[in-house]
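For reference, chains read A, B, C, D, E and F in written order, and residue numbers begin at 1 within each chain.
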């Protein structure tokens, strides 16, 4: 129905995606980001990883409490992580500035991989598109 | 060599959309999402040169949630599936947020 | 100005409703002040006017629609709600709101009404 | 019955300062602090009616840190002590941030 | 040297101040807020309390780690709290949204008083000026 | 476009330096990409141009001045630094920067240079 890849020359298909998240879980901007990512995955895009930076790191904070009748970003990340083995990379330097520390690992939701900006270099190198949300 | 511009902010509140318009090249695509939907009647739209052949698209749900009506003569209504597709159909993406 | 002066709070709302939590954060303050029987007035300026527009539906984008709570203002005796005419005009918006008792004020009247409040918090 | 307006944002980036100017009353005081210091040459300043007798003040340190020069003919240079004092000399305060 | 109060009629002096903080500790905006508050206290203004709301609640997060050569907002709050018995009120609802919970009290710096928006009503009622920073 | 395509990153800086962490957050990315020998170009537009202006001194307002790190760009082989002439003109700013090798580009050239990069991140 949709064509989610773009063939350039004969043997190069462009459909590797990476996403950088900089908006916090209590903002509706995160609903859009999750919608974009889930749509990409459902349509067979190869999503090589999501990198959490700036206020985006709050998504990984295990202590975040959002009222139960509001959008729970974390449960959507968990679903995508489990269904698609989607790698979720947390920039630990940005996290520490915001009170999320890996000294007590129970502070960080276990579906996130603790990493640094070097991981962003890796994602940028591997992906055909790196999109900011 | 076209660029996909994802506009997420109201031009009434921030300079982001004005900056987007400064870097448009021929055949670029602008998609209005989130608070970018508030720009659909903004006077800055009139500054886009028609010779540049810029496509203007809007995620329908994001405009509907905000009670913003979409002028079909100017904007193409799209879904999130289309936005994913546009990510790869264009050569690069800039998010204006 | 005697000690018995009754204080009143103006909440100046300036952000659009969904992408930003400012509107909800201001609403929470309005309801608390109302429940403590403190006088509160709501002002809408700039992109804050989008919070009042009729026909919005946050559920389409998975937002728990705090705008529906505006209907409870009367219950909390919050009945002074002002919107800036200039901000509506700039956005080409009609005076078509999802709650009643909204008063559209021209720029000068809007500025004047603000000065009737001792405390002004802006969101 | 004057209001103290504390302006913390660049008018080149956001609508805050424009909104401040909309609600000025006679004898109000505007103090530019933080990124508000970027507004000292902004054209919006010319829209202030002189009949309103608005005082324009700037925290010197905040402008100096940003390499923004202050025109003494237009702005009064103040310190943080003065800002605290102005808080009580005026009848109310609005922070534009 | 300065006159920090304003006498209205004969027997009413206006110099009770309350402050609401909404900016996070890693922003320079917090330096300005602390400068304003410290200046007020040094000049004898009666500061009846500081209320932390929105991203301001991160000031109370005991896990925040800012690089040691950068501005340490928390040490300034501690100094003011000790020298002037300055009350620091944390809006717990805003805090929980940002991963700061009072279930484990070691998450919250002990100089802060856990409270809610009712405290803001109280401050607003008592203060001659409530200023947002 | 072969598999051996060398990617390059454009960092588009649009915020003034002190009140917002965006400039520092972008700088950290630039230095990491530089240290991994990835090609990075820096673009300054809107209020981002304030980051480049000569004579700033963050220490006056207790900021650890990350702008001084811009002097290290050469060490990291970051030598393409573009600033938007329109943004300077709007702010009445001279082309007087605290680092060398800054190229002032008119609007069209600025837009063109952006298209030479595969990835664009905006801060």
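What to note about this one:
Methods note: contacts are C-beta pairs under 8 Å (C-beta built on N, C-alpha and C of every residue); 3 or more make two chains touch, one makes a residue touch a chain.
Remember, it's a predicted structure, so these values are computed and weren't measured experimentally.
Any chain touching chain A that also touches chain D appears here: B, C, E, F.
Of all residue numbers used where chain A meets chain E, over half belong to both copies. The two sides are thus made of the same residues. More inter-chain C-beta contacts link the pair A-B than the other of B-F and A-B. Farthest from chain C, judged by the mean position of CA atoms in each chain, is F.
Chain centres computed from CA atoms place E at the largest separation from chain B. Spacing of chain A relative to chain F, judged by their CA centroids, is 25 angstrom. The mean-CA centres of chain A and chain C are about 35 angstrom from one another, to the nearest whole unit. Centroid to centroid, with C-alpha atoms defining each point, chain D and chain F lie 29 Å apart. Among the residues of chain D, those in touch with two or more other chains are 8, 12-13, 15, 34, 62, 92-93, 95, 97. Multi-chain contact residues of chain C (touching two or more other chains): 18-21, 46-47, 61, 63, 119, 122. Touching two or more other chains at once are residues 26, 28-29, 32, 129, 132 of chain A. Listed by label, the pairs of touching chains are A-B, A-C, A-E, A-F, B-C, B-D, B-F, C-D, C-E, D-E, D-F, E-F. Chain B contributes residues 1, 3, 15-16, 19, 22-25, 91-97 to its touches with chain F in the complex.
Touching chain A in their complex are the following residues of chain C: 18-21, 61-64. Put simply, chain F touches chain A in their complex at residues 1-3, 7, 9, 21-22, 25, 28-29, 32-33, 36, 38, 119, 121-122. Chain B contributes residues 6, 8, 33-34, 62, 80-85, 87-89, 92-93, 95, 97 to its touches with chain A in the complex.
Taken in their complex, chain A has these residues touching chain E: 24, 26, 58, 61-66, 96-101, 107.
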